[in-house]
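Two complexes, one shared chain (chain A), two partners (chain B, chain C).
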Partner chain A sequence: MISTAESLELETHEIEIWCDNQVEGFQATNILADIAREQGFDVAVDLLQGHIPRLIAIKDGVQITILAFGPFRAWQHEPDDIEERILSGKPDFIVYNRSTNSILFALEDTAATCTGNQSQQRAERFCSLVRNGIPTAYCLPAYATKPTDSKSRRPNLWMPITALKLIEATGTLALIFTYADEENPDDRTVGEGFNNVMRLFWGFILRDCGLPETCESIIRRQIRYMLDAIDNQHEGLFSDLPGWDSDSLDQYEESYYRLTRGEDVDPECLPLNWNVPIAELELKENEPRAYIPLPLARRVDSDIAAGRAYFPSIKRSRGKPPTRTSMFGYVRENRDLHRTHAENWPGLFPLRENHYTSMYRNGVSSPGRLSSTVLNSGLVRYERFRDLRISLETAEAHLAGQLTNEFDDRPALLFVASNVKADVTNGWFLRDPYAGMLPSFAVAGGCLDPQQRTIMVTWFPWQTPCLALRLSVVDGEYVPQVVDNKGTRSWLSITPSFTLFNNGLMVHLTSDDITEAQFYPPLPEVAEDVEGVEN
Partner chain B sequence: MIHRLRNFAESFGVFKWFADFELSDSAHALYTHIAGGEWKGIRSPETGLIVYNFDLVESKPDLIVLLRSLDMLLVCEGKKTLELLYNGNGEETLTKHAEIIVHLAQELSTERDGWSSEDAQCQVIPTLLWCVEGGQGRTEVEVQALVREFRQELVAAGYTGPNITVCLEAVYNEDTGVISTNHSVVGDDSRAIQALTELISGVREA
Partner chain C sequence: MTYDFKMVEGFGVYKWTIDFERSLDNSVLFTNVTGGEWKNIRNPRTESVLHIPRQVDKRADLIVILRQLGVILITEAKDDIKKLKGDLRTHSQVIKDLTSVFSRVQHGVWNSEESGSTIVPALLWCKGPGMRATGIQVTDLFYAFESKLKQSSYTGPEIMVGLEVIKDERQHLSTRGYVFFRETWKRKASEIANLLSEVTGNESLFWDLNLDS
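What follows is the complex of A and B.
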């Protein structure tokens, strides 16, 4: 038992850890206790009120009390700022100082098997937290096994690239940590990643208390770790990584580290600028292939064949597709939802039944199963938005001459979200992992980078827009509203952007306010006899 | 400052017992269903690595605790109320839990990486957990009736272990924000009942 502030004259600090569930909060408390003990603190862990994990650490006349609360929304005193943040996706931990109402640090920590793109599944909260000025870390296994086949898998490189581009755009800390290795998959004790991220976690608490800490050395080391990971693996994952210079890693490390300290850095010194002519790239593989020859997919094929676009990623798979019966059910969900909301959306284009027919015919990847994967890769980079715009306007006749040409000279990314499910109650618009993939691809691909200003175009070949949008009459006008969930928040976070739904509806987002978006075809005019019109 | 819950849920009762077991020296929590991530399977008490992985669709218990000093393994199902543990209240809980116990007793009876031959010798003890809001805990009569019903399900499922059932209770007091616990051990092996009762009392006092 240690003496606390009640019995001694101590400088006291109280920090709250808000978390996704109480078991993880308890576990984090115990890990922080071990770190504090190593650093010479007198430490005790118990349960306040019988069930709230509490750590009390005392050293040199300072007492730090840490309380862990989870799940976030189970508590009456959940801070409004934390509620606002978790609307864009819940990280595992948010470190909070109630006395200053400030969020100190956030950590997303996963033991899930981050197969390829699945590592981006949690990117929506990572990007949102960092873009809101919160230092954030994401810790995941470098190697993990999947129970279904016991094979070891590793994540791709989009997350470290996303993190570095976030640092560049915001100056806020964004770090990726990994643990385990090929021989010891899933093992948190192998490698320094988990240990270091928890030391950074503790370091941010010490920093807030005005005590000595070692965050800076961890930050700098981790930036180098991310750069080394990109350097070691990019040739096996990307068609080309323009401008990447393995001899400049020291300079890259210095530049990103200075950015995290709020210092200015010449943008020309930073890597990861994709905005170079395709003709100058050494593309390893760029075979066009539309699995399902929808009109836009055929146009993209043509653009790739003509050297106007390419697939940045070279390692990809179609995943395990659902059964035909399940797929028919998903399509039916779209039809039902579309029909229901079309009643309140005059002029809403019907769903493209011929597209579904094409999927049934061309999506058979194994007996009894249907794949909705449209293209060889879900991400296509265009040297210029102009070419993609022309393809969109050609594939969708109603768009001809409609889309703005103000972005024509910018690069563009086409992201194909091939999911079909349409269960609106569970937020299936940009469901996992798509909610994370969209901002990750956008940020990594240069949407926030003034040197690139990449335009994001997202295509939902199978889904109804009614998963994301509703129409209502306000002050005599039809006004769009979003169905508020982390998927739609992720969608609105990337602007300017364009989104094409199955029925041909194109939405041009100009800001995160959906009422400022442009719709093609335009939203209907209110007829005089519409109920609810206020004149 | 009293920290109050918006809604008291079963997960808080399960967590209360999980944390009490974890904080004691005499128990290791191997699994809890109320957390995801690295708690997705039954973990080795030494290495923390998964020694048994549940299938996605497989029925899972809420809590598994290893009591090495007694060579026992508590496999626990929890609900927000005692009544919800009975079959027919939303799902066939007692039947399902009896089947889980029989299945895990079989699975965990063989040595494997991170699971020693001594661990594999441990007896699986059927365990039930319920929560109470506000007032007193449930009466002995209510507990005995539940256990009798559960015994029948265990026999029907082919359970061949000792006739002992551990009952864990979590009581939430909204005024104070405190969660406290009660426990009882029901069965016909008085020596084992006494040992379990004492060990769990020690856990609660830890």
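What follows is the complex of A and C.
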């Protein structure tokens, strides 16, 4: 037993840890207790109300009480600020000081097999938290075993690049930690990643209490770790990483570290600027290949062949496609949803049945299975938006001469979200991992970087816009509304951007307010003689 | 200060998890309240992965080894006891599948003593203001469960365990164990009941299924 503030003159602090579930809260509390003990605190852990983990740590006349609450929404006293943050995806932990109503730190911690792009599955919450000024860490296995084949896999480099670009754009801490190795996949005790991220977690609590902490050394070390990861692996993952200089890692480390401290850094000193002429790149592999020759896919193929665009990633696969029967069901979901909402959306283009037919014909990757993967890679980089705009306007005749040319000189990224499912009740618009991939690719690709100002174009070759959008009449006008979920929040977070749906509807997002978006074809006007329309 | 919360299934699994962990060393092999750390069934004694369920596999919600008794509880959980009835058939299959996993020795991961454990089917539910779980509901559930187990070619012991979580008016959570058995398994059932009483601090309910036959 330790004496608490009631019996001694102590400076007291109370911190809340909000988490996705109470088991993780209990585990985290015990890990923090171990760290506190190591650092000379007198520590006690107990359970309030028989189940709420409580940690009391006392040292040098200061008492820190930590309470863990999870799952977020089960508690009546969940802070509004935390509810607002988790609407964009729930991280595992949010550290909160109720007395100042401030979020101190957030941690996304996963043991899921983050193979390849799957490591970006949680990027939507990571990006959202950091862009809202919350220091955030993401801890994942460097090697993990995939249950389907028991093989060990590792994540790609988009997350460390995303984190560094977020630091550059916001000055807010964004760090990637990893644990485990090739011989010991999934093992949190191997490597320093999990240990360090929990020490950073504790450090932010100490910092808020005004106590000495070691966050700075962890931050600096982790920035270097991310840079080293990029340096060691980029040649096997990217066509080219323009301007990357292995001899400048010390300088990169110093620059990103200074950014996290709110200091100014010359942007020219920072790496990861993709905005260079394609002709100057040493592309290892850039064979165009449209698995399913939809009109836009054929245009992209031509653009790659002509050197106007390229695939940034070289390591890719089509994954395990669903059965034909399942795929037919997914397409049917789109048809049903589209038909239902088309009744309230005059002039909504019908779905492109010929595109589905093309998928049935060209998407057979193994007997009885259909792949919806359209291009050789889901991410295509254009040197100039102008070329992508022309391809969009050529592939979709109704867009000819319609799209703005104000972004023509900027670089562009085309992201192909090839998923087909259309179960709106479960938020299948930008479902996992796409909800994370979109902001990760956008941020890593320079959408927030003033030196690049990359324009994001997302293409949903199979899905109806009705997964994300509805139309209603307000004050005599048709007004678009989004179906609110983390997918649509992720979508609205990247602007300016363009989005093309299966039926040819193009949405130009100019801000995170959908009512300010431009639609091609334009939204209908309310006819005065329409019965039942509220003017 | 009292913190009010809405009782969900996860609280039930969590409460039993911490009660087991605080009373019995290296006891919790798996909880299904989260996808991450807990996606794999791990042996906490060796800190090794014992089994990786496939994504399509139906999972148990809580798996616990009672080392001193040589017993493994494989538990299906629901917030409301009424919801458990619909899951009995699936859970019976989960028990059958996992029984073969737990019976295999894995060098350095799962030893012969552990692999010789007796598998005991278990159900977990929550009870509290607005969440009834009467004695009749509980016993009816376990007779139905026994019936489903027999239909599923279950060959394990004639013992079943109930794990109840009780939320009181003060938002306090406590636990109580139930052990249902047939006569030949009375001794083992009694040992389990006593151990659950130690874990929960509440006397377990001990029920001979023959009383109804």
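Criterion: the second predicted complex is superposed on the first by the 529 of 535 C-alpha atoms of A that agree within 3 Å, B and C clash if a C-alpha of one lies under 4 Å from a C-alpha of the other, contacts with A are read in each partner's own complex, and residues count from 1 in each chain.
Simple rule for what comes next: a contact is a pair of C-beta atoms (placed from the backbone, for glycine too) under 8 Å apart; a residue touches a chain by one contact, two chains touch by 3 or more.
Quick caveat, the model's predicted, so the values are computed rather than measured.
Aligning the two structures on chain A places chain B and chain C in clashing positions. Once chain A of one complex is fitted onto chain A of the other, the partner contacts of A:99 are absent, as it touches neither chain B nor chain C.
In the superposition on chain A, contact of A:425 is made with neither chain B nor chain C.
Look at A:22: by the touch rule set out above, it reaches both chain B and chain C. Legend: residue contacts after superposition of the two complexes on their common chain; A:45 is shown touching chain B, with no touch to chain C. By the touch criterion defined above, A:186 reaches both chain B and chain C. Common to the chain B and chain C interfaces on chain A are residues 21-24, 26, 47-52, 69, 71, 74-77, 92, 109-112, 147, 186-189. Those residues of chain A whose C-beta lies close enough to touch chain C in the complex are 20-24, 26-27, 47-52, 69, 71, 74-77, 92, 109-112, 145, 147-148, 150, 186-189.
Interface residues of chain A, counted against chain B in their complex, comprise 21-24, 26, 45-53, 67, 69, 71, 73-77, 92, 109-112, 147, 186-189.
By the touch criterion given at the top, residues 2-8, 10-11, 13-15, 17-18, 31, 33-40, 47, 49, 52-55, 170-174 of chain C touch chain A in their complex. Put simply, chain B touches chain A in their complex at residues 1-7, 9, 11-12, 15-16, 18-20, 22-23, 32, 34-41, 47-50, 53, 55, 176-181.
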